[in-house]
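These notes open a run of structures that come right after.
Here come two complexes built around chain A, the first alongside chain B, the second alongside chain C.
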Partner chain A sequence: MEVSTMDMDGDKNGDSFKRFLVFLPVIIGILAFIFMLDLIIGSVTIPVDAFVKIITGGQVKETWMHIFWDWRMPKAITALLAGGSLALSGLLMQTFFRNPLADPYILGISSGASLGVAFVMLSAGIFSAGTILGSFGFVGDMSISLAAIIGAFMVLLLIIVISAKIQSNITILVLGIMVAYMSSAMVTILLQFSDQSAMHAYSFWTFGSFSGVTWSQLPIMTTLLCMGYILSICLVKPLNALLLGEQYAESMGMNYRRIRHGIIITTAFMAGGVTAFCGPIGFLGIAIPHFCRSIFVTADHRILVPGCILLGGIIALLTDIISHLPGTDIVLPLNAITALFGAPVVIWVILRGTRFGRGVIS
Partner chain B sequence: MKNVPILRCNDLAIGYKNQKSTLKEISKDLNLSLNRGELVCLVGPNGAGKSTLIRTLTGIQPSLGGEIWLAGKNINELSSEEKAKRMSVVLTTPVTTGYMTAFDIVALGRFPYTNWAGRLTPADRQVVMTALATVGAANVSHQYIHEMSDGERQKVMIARALAQEPELMVLDEPTAFLDLPHKIETMRILRHIAQKTGKSILLSTHDLNLAIRCADQLWIMNRSGSMITGTPEDLVISGIFGSAFEIDGVYFDPYRGEFSIPVAKRGTFHIIGSDPMYRLWTVYALERIGYVQANGADPDFVIRIHKSQNEAIWQILHQNDHATCCNIQQLVEKISTLQVSGGDLN
Partner chain C sequence: MPQKFMKKTKYALIVSVAVILCLSSIVLGDSEYLFKDKVFPEYAKGFTVEYHDTYKVVNLIDPWGRATENYTYLLVQRGEKIPPGYPNARVFFIPLQKVVTLSTVHIPFISTLNETQSIVGHNGVNLVQDEDFCKRVRQGDIVEIGSGELSMNTLLKMEKLIELDPDAVFCVANGNKEYDNHYKLQEAGLKPVITAEWMEESPLGRAEWIKFFSVFYNKEKIANQVFDRIKNNYFEIKEKVRNCSQKPTLFSGIDYQGSWYAPGENSYVAALFADAGGTYVLGDDTNRGDTILDFESVYEKAHAADYWINIGYADNIDELLALDQRYQKFKAFQDNRIYHYNARVNEHGGNDYWQSGIIKPDVILADLVKILHPDLLPNYTLYYYQHINAT
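This part shows the complex of A and B:
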């Protein structure tokens, strides 16, 4: 009798993973649909039949071809990848710090990126040397991304060097926050001495946007973010162990130092990469992991990692569609849209409660 | 191989190393050995360094000197995975992660055995379910850990340690935070594991009464950091156990096997009655209010218990007075109002 109940239990315990596998085609279907929607609607609507023609290699109006390939396609790919990356790096940080309020930027990596960007954009007005980088307006897209990557990388190095000497990851958390404060302090000083147009350009950058990535930049960004995806997938087992805390994880044979570096570097690839090419996009990184946990009712990273990649992509594409206010020429700041439209959805999911209870549990 | 202790340490020194490399040594020259299949309780007053020793033995904290041998191998030469297959832990930090069922938690115990993605094979599932059944938590395997009581959660954490299939389980104060029945239940489970599976168990605890009754060996850590080991009964009879814990006024009663609560002595009594249970609890009640048995000397008063089929009466014989009570509460109230002549021995 004992054996039979065991078998029964053994079957039931595959629940959340099997449920996820059932959901998976549905989620991918929704993702494909939203992706298509992002390609055809905007200030100019491309009719569905024209869309089909473009995809199948047929001929349509020159402007549509131009809008579709040079404008919307890189934007949609960027949104898809950036959303997934932000969600994933948020998940990594929340598990690593065992803190539901952790987000991709908590290590200060994107603050480093912001500082790099601020330096390029704002220093032009302050130091004549800054003009070497090109006067404002002619600062190439690439130099902004490059500055962001350098800034992010510097902070990453700093965090890694410090963390090698420190046991507690809470200390790393506090150090990350301190680095973020120092970076934003330096940005503030740079802003103080910049002219209006430079300030405007910088604050425009902080709004975040998926539209700034060109075909030539896309491979670099895709490489960075997909490396983050692959590393995250490799980390699912230690991430699950970390749910019990670092001491339990170590007692089960996990090499904590190696995994810690792995998690920090993976987060840096994704959070740094997104910030470099899209600006500091908030909210998605902190909210989507909670959204995934509520939907899939699990803490298992074998489900949450792909879940975050897909749901992050879907939600980022949706916010991109909304921020371009279809049918108009107005573009709202992406950061405003992510929070304004994302927060109610997340609040609804959290408060609706499941049969497993309500609220954020982490 | 059977004769090799599962855990042994030679001249072990434990403590903390400051950043300026100043050592704060808590204990040194520790020579301990833990045999296979034994349950060892590490006891000692607060601040003696029990946790430090547990943390050092499990490798959470580096030792300051000496060697630790786990299953015949120096612990520093074992990889973390080899160590995990020999030793599992239950820590004091409570695990309250959301969205994890008891099964999920216990399944994490399979960490050293599963592939890169942590996929459970049918054999792994069987180990997990057996571990849950062993601790009596198979019926809650689908419950979420954050919805469980402390007692159930502790069982699940023990099952997780068991699912790691170690030779030695180390538990840091597994009975803390639990009510008395759950403390006893936890100890029963651990005894059961040691007996049934032959695993060795080391646990630290503050529940001395339980430790005396459950442990095969006691490791007593003094306030000075020195360590005395032995079979609990031997340590009690020799008085070593009592002297390690006594503080002003609190002493260990080796006849009862427990610590007594000190009360100012007010007098003596003699008790007559045949029912042992009624006798025992009457004596306890009187001791609580400061009266002790006369042991042959002239008592201040005599209690006689008349026990019939389903009721009992207590008679108090004091000088020439007689009083009758029908329960212990009345007895205590009566005696408190007695003017016991010469009773003020204080």
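This part shows the complex of A and C:
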């Protein structure tokens, strides 16, 4: 990925940053609108006046209250945060590896999470895992998410240990991919020895969904993802410096090793958090950073970090709306929708990038 | 004159009757001799059987409606010649003596026909709950040729399978060429027989596949007896609920991350619910298999339903809540009226509901009637189902 140095230069870049600030309220407005849309649209039709009553605390049918507060609200919040996190961790990885095809899972984090979940679902069984974790004080529907977090964290530890010894980013990239292969191999072996209902449960998990998150899980997920947001915002300056190479970053007086660990840990928080609660959701992480660069015509992370958070949220909410096929009872797997709508976006961006040469991808 | 005429017609009648009798004995004689008992499916739509003198023709009708996947099986009595005129048929010499079964659903059919001794190999022996079968496994007479998972042909131990040299390999077609293993078996020179009892729309139609199996063993007599008993039992139980004024509402299936997997309106499960005197609230599509619904629309339709029957891959209340705590919002949960068909599961996870349950729809129906209308079957105890205690 080649980046125009123009954008990186503080003075000249001021213009696009100012322009972004002007656009910011518009984007937030769109986000708020789509968020409301996700709450209003669903397979059960709730009229707008009832919808207003629910928000203002009026009396409506009890089932509508439950549908709104227990299903749609956590789902919309999850989509909002998960979309932003996936976009952001995709951005971090693309900048870190200077590779336009990098995604949040390139370090093997989702494979680690999958292995954790597979282990719980396939070998131990949902119930026994529940009791094991229950003895540590965790309750109810946390066992699967916890397994995913533990799995992701193990992979992360491995990567950090390796990256402490290895200088080259490409080597880390290859190692991440190898770790992913190894964990999926272990998942396959677990699958072979498990009974069919557990296999189905596992395969549903891999479809990915924002709907599985309950109010009891939401605080934990929000904490993880918001930590990722804050760390990313702190990383804006080093990320910009990284675009010009490691040496440039070090010549600016930055500790490259610390930056590297910072980026890896931040990605792990966000990608691991999303995978734990929503399953491995693909494509948003790779597509949205490109989308942002293209829309804001910049590689400046001061713009891209908030841009990814907002646009990630918008697009995740949109895919959620589409996957629930408004007006029908049917719901499609989220991963199918993200790829179906994400792929054309990336293609469009890549073609646009070459034509206009806007410094997105060369 | 009229008397003469009468006499004439009398003779003519006698002669013609004699001729007809003679002719019919020539036409039917041989087939009567070889295949005295015949089966004809009443409820099952997946196959037809024709009887001839030394052979039978079984037509398998593709359950997905594709003309390319209709198969003709030519079942020739051992020692007889293969009849001409069936160039595309797959030939089997009956009665079969050595078979391999790729699915646990085949076992109850074969076992009920007292032909378990013909099974020499099976895919997933640990899952089977049949007594005769398990005995043969312990004696080492049945070879494990897979891992129990139907849909991955790569997991079949092909070499062992070929070495067994069975007369037929019973396999399940799921409609997806990628996953169906009969193509591969055919290539390897084996003789696959496809069964599609799981695509039948009625519970009796599924059980009636015992007739399909009986044709391969010349055991039509037993098949007819067994099936008639099942049918009579089934209708007897169904009759009991006919006059019930109360038809409790119920829903079925389970959600995973926002997608609710429930039986479709035309599925055999929905048929069982209806026959057991229940009102199935999720059935308003035309799906034969499972249908995928949105969680919120299921909640809207089923929140006040009286019963929750079949909870998918959860086995108890803790697992149910580990999957999603929002299940507590259903009235059936609060009223402690959840039932699941996992009363007979062995230590390897093999569930008898999916095995002998296929051939005992009358027992499943009785279970459901006991759940929905306990007063109608006061002395009956649940067989496949158990109460999932939510308190």
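Observations, loosely collected:
One rule holds in what follows: the second predicted complex is superposed on the first by the 315 of 362 C-alpha atoms of A that agree within 3 Å, B and C clash if a C-alpha of one lies under 4 Å from a C-alpha of the other, contacts with A are read in each partner's own complex, and residues count from 1 in each chain.
What we mean here is this: a residue touches a chain if its C-beta (ideal position, glycine included) is under 8 Å from a C-beta of that chain, and two chains touch if they have at least 3 such contacts.
It should be emphasised that the depicted structure is a prediction, and the values quoted were computed from it without experimental measurement.
Of the two partner chains placed by the overlay, only chain B lies in contact with A:Asp300; chain C stays clear of it. Using the contact criterion defined above for the overlaid structures, shared-chain residue A:Trp348 touches neither chain B nor chain C, since it reaches no partner. Of the two partner chains placed around the shared chain by superposition, neither chain B nor chain C is touched by A:Trp69. Touch criterion met: A:Val44 reaches chain C, while chain B stays clear of it. Looking at the shared chain after the overlay, A:Gly253 reaches chain B, while chain C stays out of its contact range.
Using the contact criterion defined above for the overlaid structures, shared-chain residue A:Lys237 touches chain B, although it does not reach chain C. Judged by the number of chain A residues each one touches, C leads among chain B and chain C. Residues of chain A touching chain B in their complex: 2, 5-6, 9-10, 12-13, 98, 234, 236-237, 240-241, 243-245, 247-248, 250-255, 293, 297-300, 302, 356-357, 360-362. Chain contact summary for the complex, chain B toward chain A: residues 58-60, 79-85, 87-89, 91, 93, 95, 97-101, 103-105, 107-109, 111-112, 114, 116-118, 122, 125-126, 128-130, 133, 138, 141-142, 144, 146-147, 164. The touching residues of chain C, counted against chain A in their complex, run 127, 147-149, 155, 256-259, 285, 292-297, 299-300, 303, 312-316, 318-319, 321-326, 329, 348-350. Across the complex, chain A meets chain C through its residues 42-44, 63, 66-67, 70-72, 75, 125-127, 129-131, 140-141, 143-144, 192-193, 195-201, 204-205, 207-212, 214, 216, 278-279, 324, 328-331, 333.
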